[in-house]
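Going in written order, the chains are labelled A, B, C and D, and every chain counts its residues from 1.
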Amino acid sequence: MTGNLLSVLVFLPLAGALILLMLPRENHGLIRSMAGGTALLTLGVSLFAWSRFDGAASGMQLGESYPWIDFGMAAVRYELGVDGLSMPLLVLTTVIAAIAVLASVKITERVKEYFVWMLVLTTGLLGVFTALDLFLFFLFFELTLIPVFFLISIWGGKERNRAAFKFLLYTGLGSAVMFVAFIALAFTGAEAAASAQASFNMIVLADMFANPAIPEVLGTAVRAGLFAAVVLAFAVKLPVFPLHTWLPAAYTQAPVPVTMILAGVMSKMGAYGVLRVGYGILPDQAATFAAVIAIFGVINIIYGACLALVQTDLKMLIAYGSMSHMGIILLGAASYTQAGMQGAIFQMVSHGLIAALLFFIAGALYERTKTGALSELGGLSRSVPVLAGFMLAAAMASLGLPGLSGFVSELLAFMGIFGAGDLIPAAAVIGIIGVIGMILTAGYLLIAVQRTAFGEMKEQFKGLPDVRPGEYVPLIGLLGLSILIGVYPNLLSDIINTTVIDIITRAGG
Amino acid sequence: MVSLNLFLALAAILFCIGLYGVLTRRHLVIILVSIELMLNAVNINLVAFSSIGPFANITGQVFTIFVITVAAAEAAVGLAILIALYRNRSSIDVIKQDLLRW
Amino acid sequence: MSAEMIFFLILGTIVIACSVLVLILNKISHRIASMAFAFMAIAGLYFLLRAEFIGIIQIMVYVGAVSILFIFGMMLTDHRAKGFGPERSRVHKLLSFTGVGILLGTILYGVLQADFAPNDNPYVGSAEMIGLELYGNYLIAFIGVGVLLLAALTGAIVLARKEAE
Amino acid sequence: MIQNAWLIPLLPLAAFVILLLGGRQLKQAAPVIAIASVAGAFVLSSVVLMERIGGDTFAATVRWLTIGPVDVTMGFEVTALNSLMLFVVTAVSLLVHIFSKRYMAEDGRIHVFYGYLTFFTFSMLGLVLAPNLLQLFIFWELVGLCSFLLVGFWYFKKEAADAAKKAFLVTRIGDVGLLVGLVLLFNATGSFEYGAAFAAVEAGEVSGTMVTVIALCIFLGAVGKSAQFPLHVWLPDAMEGPTPVSALIHAATMVAAGVYLVAVTYPLFLASGTALTVVAYTGAITAVFAASIALVNTDIKRVLAYSTVSQLGLMMLALGTAGYVAGLFHLMTHAFFKALLFLAAGSVILALHHRQDITRMGGLWHRMRTTAVTFLIGTLAIAGIFPLAGFWSKEAVLAAVWANGDVVLITLAALTTVLTAFYMFRLFFRVFAGTYRGDVEAPAENGKTVTVPLIVLAVFAVTAGFVHFPLNGYWLEGFMTAGLNYGDQAHGGLGLAAVSLLLAAAGAGLAWRLYGKGEESGMQEKVPAVHHLLENKYYIDEIYAAVIVRPLMTLSRLFVEVDRWIIDGAVNFTGAITFRTGRQAGKQHNGQLQTYGLVSVAGGIALIAAVFAVRGYFG
C-alpha cells in the first residue's frame, strides 16, 4: 500500500493541475473547488504518510528507487524517501499549500493559470523534500522557480516585474552554483570511492565521503570548497546576509498566498538543502565551518531585526523579521548538537506556520485598509477586533512566546549554541548576541502591533468587515498548529529525534 | 604537367578576390557574382586534386558537379530574392539593407 | 617550359585579370561579361586537367546559364545604380584588404610550400564513370540535390513573382 | 486533593477559554464565570495548603520534549513554598476579580478584561506549580503577556499602549537573561528539574564561575520581572492599566514572581557568594532609590508603584542576605497590604471618575470612610507599625540584614524604612486629610463589591504577620525550611523591633509635620535641585533613550541605508553593468552584412593563428 506513496503524493498536485487545464476557463467556481480539492487531498495523503512514518527508526522510509537515466559515466536514479528531517517539512508544505490555495479567494484574474501554477509549485516543493537523488532534487528545485516567477510577475503588486526578475536572477545564481556543486560532489565522490560510475544518490554519496581513507584521495581544501559551494547555493534561498535583497521585494510584491508559500515553505528549501546535502554528505566540513555558519546566523538575526525595527511598511517589517528568524535555523544547525539541530528543524516548521500566518494577516489588513504604511494604520483593535487579536497572537508566536511553536525552536537553538563551546570558539558570545536579537524581535513586532492595532480608531477604518468565515480557516489552522506544537512539542520531536541523532553521530567519524 | 601547387595557388587567389568582393562591393549582384567566383575557386581545387592529386580519382569531379548544381540553385534563388528586395525597397545597395540591426 | 605550363599561365592570368575586373569595372554589364570570361578560362583549366566533362558542364552552366541569369537579374533591378548611397568607408576597405591579404598569404605560403608527389599522368575521368558514381555511391546525395533544385526552382518563382494584387 | 493540584490553574484557564469564545454573548455573565472559577481555584488552593501543611511534597510529570536521549518533562509539584504562593495568589486574585466587577462595570469590553484576568491567574498559578525551570519560564512569559495585555487594555490611549510595549520589552531583557540562565543550567547539569539540577550543583559538578554566571542570569530575569534597578522603569508606567490590574499584577503577584524565582533557585545563589551579594545590593539600592522617587510623585498609583519597587527591593535584600524565609514572608504580607492599598486607591480613583492626581484630592476621610480606614491600615502595615503584618515581615528582613552585618546594607535598609513610612503617610494625608481640592461633585463609596474586598484584605493585612512571630515559634520558618538546608534564619530581638518601629515612626511623624494638613509642604522651593532630580526619576528613562534606544535606531537606519545602497546597490550595479554591456554589444549589430563578414574573417584568421601558434603550420 505504501509502495509508491511518495510518488503519488508528489505528483498528485501536478495531476490536479493537468485536470485544471482541461476545465473551462470561465468557470471559476469549478476551478477553485478543483484546486482546493486537490490541495486538500494532497494534505490528506501527506498525513497518511505521516501516520505510516516510524519516528523511532533511522534511515530513509517509504523509499522508492527506479533506474532513470544512465549517462555511462554517471547514473541518475528516480529515488524518493523521507526521514525525520523531511517528513515534517513535507506535511508543512501540504498544509501551507492547502491553506494558500484556500486563501486565494482574492485572485479574480486569470484564475485558471493561477491555480495551475500553484499546484505545479506544490509538486516542485514536495519533490524537493522527497528526492534522494541530487539530480532529481535539482530538477524539482528548479521546478519551483518558474511558477513563482509567473505568480509574482502576473498577480503581484505594483513593482511585481522588478521583484520577479530579482527573485529569478538571484535564485538562478544559486541554482547555477548548486548545479556545479552537485556535479562536483557526484564526481569527486566517485573518484574518492574509486567507482567507475558516479552516483547522484545522497545516501551513497554520504557513504562515499564517510570513507575513512578519503583525506588521502580528496584534499581538505577540495571538500571544504564543495561544502562552501553547497551552502552558498542554498544561502540564496534561505536567505543569508548579504544575499537577501531579493527577499523584501519578492515578499511584498507577491500576492498574499504566494508570499505565504515563499516565506513559509520555500525559504525552508534552502535550510533543508544545507542540512540534507551539506550536513548529510559532508558532516566533517560542516563541523569545520560551524563558527562561520553561526556568525552568519547571528548576523542574520541582528541585521534582519534592526532593519525590521525601522521599517515603515507592515509587509516589509514582516519580511525582514522573517529573514531574522532564518538566522535561528543557521544558529541551531551550526551548533551541531542534538538540541541545536532539533531547534533548527523546529524553527523550520514553526517559522513556516508563523510567517505564513503573519503574511496572511498583513494581506487581510491591506485588503481592508488599502494601505500598508504603519503611519496610516492604527486603532484596528476597535474596527476589526478579531483580526487584530489574531495579529497579536501571531506576533506573540513570532517573538517566541512559550506555548507557541516559536519558543520551542528558539529554546532548542540557544541550548544548542550555548552547548557548542567545543566546536565554536566563542559560542557563548554568539549566543548572547543571538538572544539580544530576541529582544529586538519583540521590539519590532510590538511596534507593528502597536502601530496597527493600538491607538485611537481612525475615521476611515470605521465599519471595516472583521474576519470572514473563509478567513478563519487559515487563521485558526496556522495558529492552531503553532499552539499544538508549542504546547506539546514531542509531537514533532518524536518524528525528528532519531534522524537528528543520526546526523550528529555522522560528524563523529 | 603543371604542378598541383600552382593550381592551388591560383584557386586561393581567386577565392580571395571573391571574398574581397563580398566584403566590399555595394552592389548585391556583384556580391552574388563574387560568391560564384569563390565557388569556382573551390571547384578548381576539387578538379585539380581529382586529376593530378596524390590520390587522383573521380570523386573530386563528382563533387564538382554537386557544387555547380548548388551554385546554380543559389544563383537562381539569390537573384529571385534580389528582385523581390528591389521591388520592395527600390534599392539593391547592400549598405541600405540593414533591417536586422539592434 | 612545357606547352601545358604556357596554357596554364595564359588561362590563369585571364582568370585573375577577369575576376579583378569584375570588382573594379564601372558598368554592371561589363562586370558580368568579365565574369563570363573568367568562367570560360576556368573551363579551359578543366580541359587542361583532362576533366573534359566538367569543363563542358562549366561552360554550359556558368557561361551559358548563370551569366544569363545575372544579366537578367541586373536588368530587372537597379542597373543604372540610382538607389545607391556612398561607398564603403576606406577603413572598411582597408581592413577587408588586410584581412583577405593575410588569409591569402597564409594559404599561399602553405600551398606553395606543400610537397606533393609529381604526377605527370593526369587521371582521366569520363562521363560514364561520373554517372556510375552518381548513381552508385552518391545516389542519396544525388537525389537530395535533385530535390534541392526543385525547391530552388519553386522558391525562385515564388520569390520573384509579383505580389498578387 | 494534593494529587489533583493541577486542577487549580485549569479552572481559570477554562473560564478564559469560555470568555474568549463566547465573551461577547455572555457580557454580564462574564464576570460571574470568572469570579466563580477563581473562587473554585481559591478553595482548592486552601485545601491543598492545608494538606501540604499536614503532609508532604507531591510531584507528577509527563514527557514533554525529547532531546536525543534526554526527556524534558512538564508537570506540577506542591512544595511548602508554592502551596503558600497558591493560596496568596488565588486569594488576592479572587478579591481583585470581585473588586473589578464594579470598577470595570462601565467598560464595554469587560468580558475581555475578565478573560485576560483569568488567563493571568492561570499563568501565575502555572508558574507557581512548575516543578522545573523551563515550565516556570513558560508561565513566566505568559504572565508577562498578560501584563502586556492588561497594561495595554485601554490600547486606544497612547500612554497605555506605550506603557504596555515598554513593560513587555524591559521585562523581555530580563526574560532573555533567565532563558540564557536556564539554558546554561541545562547544559551544565543536564536537567531543568529543580531537584536534579540543584543536586548536580551541590555535588560540585558545575564550576564555581559557571554557577555564578547561571545565578546572575537567572537573577537578571528576576530583576526584570520584579522591576529592580536598573530595569524598574516599566513598572511605574504600567500604572496606565486599570487599577485592579495594578493591584493584582503589579503589586501582589506577578512582580513578586521575581522574588519567587530567586527563592526557588535559592541553592544556586547559596552556591555563589558573588551572586548573593549582587542580589543583596541590587535589592538595597532599588529599595532606597524607588522610595526616594516615591517621595515627590503626585500620581496616587505611581507612588504605590514606586513603593512596590522599593518593597520588592527589600525582599531581594532579604534573600541576598540569607534571609530566605524573611524575603518570602515579606512577599506574602506585601501581597496583601499592597493589594489592599491599590484597591483602596482604585476605590478613590473610581469615586473621582478616574482622576489620579493627589494634588486634586484631599479631605476624603469623611466622604469615603471605609476606603480611608482600610487605606490607613494598609499604610500602617507597609510602614511597619506594630502589630500589623508589615511590622513582622519587615522586622524579619531587617533581622536578616543585621545578621549579615554589611554596614552599607544595614544603612540602606534603615533608610528605606524611614522613607517608606514617610511617603506612605504623605500619600495618605494628601489624599484623605485636609480639605477636598478636586472638581468632582461629592465623591462617595462605590458599593459592596468594592468595599468587601477592601475589608477582607485589611483583615489579612492586619493578621497575616502572625504566621511568623515569636509567640508561635516562627511557624512559617519551620514550614518553609523543612527538609531544606538554606542556613540559619536570623531573628531580631526586641531591640531590633524597637529600632525598626522607631524608624517607621520617625518617617510617619515627619510626614505628619509636613503634610498633616493634607496641603503642599513647600519642599519644592526649599530643595529645588533634589526635588527636580526625584521628580524626573533620576532621568533614568532619558538616559536609556539616549544610550540605548536612540543609538539602536540610528544603527538600524544606518543598516537600512547600507542595505539599500551598498548591498542592494551592489546587486543593482551588477544588473546595470550587465544591462549596459548588453546594450553596447547590441549596438554592434548594425545590420551591415559586410561588417559581419569582416568580423567573421577576422575570427577565422584568429582561429587559424591560434592553431598555428599551438601546433605550427604543418602540425
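Just so it is clear, contacts are C-beta pairs under 8 Å (C-beta built on N, C-alpha and C of every residue); 3 or more make two chains touch, one makes a residue touch a chain.
The shown structure was predicted, so the numbers you read here are calculated from the model rather than taken from an experiment.
Peer 1: Identify the chains in contact with chain A as well as chain D, in label order.
Peer 2: none
Peer 1: Looking at B-C and C-D, which one has the bigger number of contacting C-beta pairs?
Peer 2: If we tally the contacting C-beta pairs, B-C comes out ahead.
Peer 1: Just give me the whole-number Å value for how far the CA centre of chain B lies from that of chain C.
Peer 2: Centres of chain B and chain C (C-alpha means) sit 6 Å apart.
Peer 1: What is the distance, in whole Å, between the centres of chain A and chain C, each centre taken as the mean of its C-alpha atoms?
Peer 2: 68
Peer 1: In angstrom, rounded to a whole number, how far apart do the mean CA points of chain C and chain D lie?
Peer 2: 101
Peer 1: Give, as an integer number of Å, the spacing between the C-alpha centres of chain D and chain B.
Peer 2: 96
Peer 1: Pull out every residue in chain A that's touching 2 or more other chains.
Peer 2: Touching at least two other chains: none.
Peer 1: Could you list the positions in chain D whose residues touch two or more of the other chains?
Peer 2: Counting only residues that touch two or more other chains, chain D contributes 594, 598, 601.
Peer 1: Touching two or more other chains, which residues of chain B qualify?
Peer 2: Only 19, 23-24, 95 qualify.
Peer 1: Which stretch or stretches of chain B touch chain C in the complex?
Peer 2: Touch list, chain B to chain C: 1-10, 12-21, 23-30, 32-34, 36-37, 40, 43-44, 47-48, 50-54, 56-59, 61-62, 64-66, 68-77, 79-84, 86-87, 90-93, 95-96.
Peer 1: Flag every residue of chain C that touches chain B in the complex, lowest number first.
Peer 2: That would be residues 2, 4-5, 8, 12, 15-16, 19-20, 22-23, 28, 31-32, 35, 38-39, 42, 45-46, 48-51, 53-54, 57-58, 61-62, 65-66, 69-70, 72-74, 76-78, 81, 83-88, 92-93, 96-97, 99-101, 103-104, 107-108, 111-112, 114, 116-125, 129-130, 133-134, 138, 141, 145, 148-149, 151-153, 155-160, 162 of chain C.
Peer 1: Under the stated contact criterion, what part of chain A meets chain D in this complex?
Peer 2: 166, 169-170, 241-242, 244-245, 303, 306-307, 309-310, 338-339, 342, 379, 381-382, 396, 401-403, 407-408, 411-412, 414-415, 418-419, 431-432, 435-436, 438-440, 442-443, 446-447, 450, 453-457, 488-490, 493-494, 497, 500-501, 504
Peer 1: Given the complex with chain A, which residues does chain D contribute to the contact?
Peer 2: 63-68, 70, 134, 137-142, 145, 152, 155-156, 158, 161-162, 164-165, 168-169, 172-173, 176, 179-180, 183-184, 186-187, 552-553, 555-557, 559-560, 563, 567-568, 571, 575
Peer 1: Going by the contact rule set out above, which residues of chain D touch chain C in the complex?
Peer 2: Counting only chain D, the residues touching chain C are 594-595, 598, 601-602, 604-605, 608, 617-618.
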